[in-house]
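Down below are the structures I want you to see.
Shared between the two complexes below is chain A, which pairs with chain B and chain C, respectively.
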Partner chain A sequence: MADPVFLALTVITIGSAIAALELRSLIYGSIALMGALGGIAGFFFLLDAPFVALFQLAVYVGSIAVLILFTVMLVKRELIFKKIEDKRRKFAGIGLMLVVMVSLGAVFLDSGIKTITTDEPQVNFRDIGIDFVTYYWPALILMGLILAGSVTGALVLAKREDVENDQRTS
Partner chain B sequence: MSVIAPKFKLSEFIKSILDDAFWTILILNLIGIPAVMMILFFIEMPVIHGELLTPFLALSWIADPTRTLPIIQSFMETDIFRVMAFPGFGFAALLAAGTIFVERKMLAKLQLRVGPFYCGKLEGILQLMGDGLKLISKEIIIPAKADKPIFWAAPVIFVGAAAAFVALIPVAPGWVVADVDLGLLAVFAVIGFFPIITILSAWSANSKFPFIGGIRALFQMVSFEIPLILSLLGVVILTGTLNLSEIAASQSNFPWIVFLPVGAIVFFITMLAELERIPFDLPEAESEIVAGWLTELSGMMYGLVQLGTYLKLYAFAALFVVLFLGGWNGPSIVPPFPAEIITDGITMGPVTLKVPGLPIFSQEMLNGTLWFVLKTVGVIFFIILPRGVFPRVRVDILLNLGWTKLIGLAFVNIFIALGLLYAGVLGPGGLQ
Partner chain C sequence: MTSELVDFTLVSVALLGIGIYGLAVKRNFIRMLFAVEIIINAANLNLVAFGRFLPHSGGQTLALFSIAIAAAEVAVGLSLIIVAYRMYQNVDIADFRSLKG
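Entry: the complex of A and B
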């Protein structure tokens, strides 16, 4: 008997993922996307990884979803989307998705993932940090450089002044 | 001269009151008490005086005063008390309500006005209650083309998110609703929900002013979240933990504001922006865009958003206290509970009253709560003070401040913390 929390999370995640693709209203679609991302955060909580789960919430639900909402609200969708209603294409898409999911699931179940024991001690975020500064230090420095570059780029973009607009010259 | 009730008869008035009393008692006896008993059978009951408190004994505290305090004490240890009353929603809502009144009165005094004056005999002290009754009894008007599900849900979710934020704040040693190991990360995750709720509420009203206000709120909150998170990393580096209770406990000797003043200043400014307070109140700039993203909210929906805003204000002030001002730590000024009352009881002439279950609160908890509330009220004072003094800044100045100056200062703060850590002055292996 599967865990009811796990089942509920699965239903929420997959259901809202399907809703995110299928809903006609873009705003409701992005809300459903938030639901799917939040469901994934719930899976991380179930897997005893609260660090990853909270980052999933803070980054994906808190920032990425906001960006998507923002874009959806500011773009006139009539200009880029043409409504194509085609029942056969829709069912073909759902069928293709089911085939892909079932085959992927079969591969996973066949790969011996069932025999993995799950009573390993919980990985502390301090251990992750220590691993980062010892074994994975090149990756850490690369990430740091990329992040520093993006922050600097953002600062440069924010500093840029539109010279043509003479009302804003401070 | 008109009369409110022209056909008033005292005998019929008394009869109607007696009627009401009769039906109330009848319904209470037939439905109320059996329902309470049925609910009690499903609740885990405490052990009082070495005997399990069964539902048949549950109402005996009315007749037996020696049982009252132990029952209250066991109730205070339950989760529901923590969530509803003391470190959770009730306590925060009380402080938030006090903040609303003090803010109006204090701003009035700052600007040489009288402020709330007529409601209640003394300095308009009942103004808040009057406002609350007005908001509850007001009609809720929904714009015709609004997106109704989101429009209804947004204020409720806003209060829910604010309450989740409040639940993470430790008030006294051991008195916290959710003692999460990654408390600060949970705070960041909860803060991330506010822009979504704001923009959804603003969009769903289907009106120009809320939408402009919502877009401004989104700009402001998202860009100020980055310096907010960065400014708190210094404390995390020095304490080596993300648990808010441990961070508060680590400041028993000195608060972190002594060593990280830059971070505290950056956090304070970003806090003002996240709370949409003057000078950063562009999302609800009442002289430009009516009331910003709150324009179309009416009645108790507006009341809920207002409650959520002030809960958020309390939570941010409390977070500042926990991270930079030492949380509950402070000199012990609450006197210990007199021991002879516990051992001998209270003697009044020939009567001696022995009260089991005293003291209800430990001295440590009372002292911690006192210092916490004092510091939080001080921080709230400094949050609402700029409203009486400063004008509103322009949106490009605001974004420029957030993206260039505050992020730079937050990095300076991180380097100060790292310097202290590697010099061996503070942190794990240092003074701590």
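Entry: the complex of A and C
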């Protein structure tokens, strides 16, 4: 049976995920999203993956959530608090969510996953580092290039309007 | 580790359901990005949970790559939101009609 830490993390993660989507204010929503992502990091700790957990904390809770907060701040005040959705769509969405959860949950509960146990020792994070620079090095370089490209693309996209404004004024 | 694989899988399924609900119901661009983030995290949780049962570090390595790529995706998504907001002065996706046939 699941331990109390796991149950607490489950409540925090799923509660924050629902709050992120349902809270009226987008700012509180993004803070709740931070909670959900932090909860996932907690799960990574429980799964004996401290390196991934800290990476998750640094990348998601540290940078992405702050990026989202800044974007929300750029949006007009009334849009932050306005909820745009209609009732019929909402019921359809809840139905879809329940269908996905129940069907996939039933498949997992019915499958052989329940009987899987492990005595594998915890993976040493040194092995991850060694894997990165030996076996996965082309992927690592490609990932760096993709990150650089996407960040440059994001900057160009966000800056374009300014350039047009300059042209208009000059 | 006292929790079993199936517990983590069920949490991941719940997060996937919440994410799908957000994508289906919300029309606010930023909220839809939240939903996408939640789905990506559900996938990462599955990667690490299944990777725990492997003798090597493959699952964790893949999760690290996935997190890094998700960061790139968020950067591009947020800049698209900023561009769309400048063009339409709104974040409602029903208003973004330029590409509608």
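Here is the rule we use: the second predicted complex is superposed on the first by the 128 of 170 C-alpha atoms of A that agree within 3 Å, B and C clash if a C-alpha of one lies under 4 Å from a C-alpha of the other, contacts with A are read in each partner's own complex, and residues count from 1 in each chain.
Operating definition for what follows: a contact is a pair of C-beta atoms (placed from the backbone, for glycine too) under 8 Å apart; a residue touches a chain by one contact, two chains touch by 3 or more.
This structure is a prediction, so every number in the text was calculated from the model and none was measured.
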Which superposed partner A:134 touches (first chain B, second chain C, both, neither): neither
Contacts of A:154 with chain B and chain C, given as first, second, both or neither: both
More chain A residues in contact [chain B versus chain C]: C
Which of chain B and chain C A:54 touches, first, second, both or neither: first
Which superposed partner A:43 touches (first chain B, second chain C, both, neither): second
Chain B versus chain C as contact partner of A:71, first or second or both or neither: second
Partner chain in contact with A:31 - chain B first, chain C second, else both or neither: first
Which superposed partner A:10 touches (first chain B, second chain C, both, neither): second
Which superposed partner A:108 touches (first chain B, second chain C, both, neither): second
First, second, both or neither for A:62, with chain B first and chain C second: first
Overlap of chain C and chain B interfaces on chain A (superposed complexes): 51, 55, 63, 74, 151, 154-155, 158
Chain C residues touching chain A - in the complex, by the definition given at the top: 1-11, 13-22, 24-28, 30-31, 33-35, 37-38, 41, 44-45, 48-49, 51-57, 60-61, 63-65, 67-76, 78-83, 85-86, 89-92, 94
Touch list for chain B against partner chain A, complex: 147, 150, 180-182, 185-186, 188-189, 191-193, 195-196, 199-200, 203, 211, 215, 218, 222, 225, 242, 396-397, 399-400, 403-404, 407
Chain B-touching residues of chain A, taken from the complex the two chains share: 27, 31, 34, 50-51, 54-55, 57-58, 61-63, 65-66, 69-70, 73-74, 125, 151, 154-155, 158-159, 168, 170
In the complex with chain C, residue positions of chain A that touch it: 2-3, 6, 10, 13-14, 17-18, 20-21, 26, 29-30, 33, 36-37, 40, 43-44, 46-49, 51-52, 55-56, 59-60, 63-64, 67-68, 71-72, 74-76, 79, 83-85, 89-90, 92-94, 96-98, 100-101, 104-105, 108-109, 113-114, 116-118, 120, 123, 127-128, 131-132, 136, 139, 143, 146-147, 150-151, 153-155, 157-158, 160-161
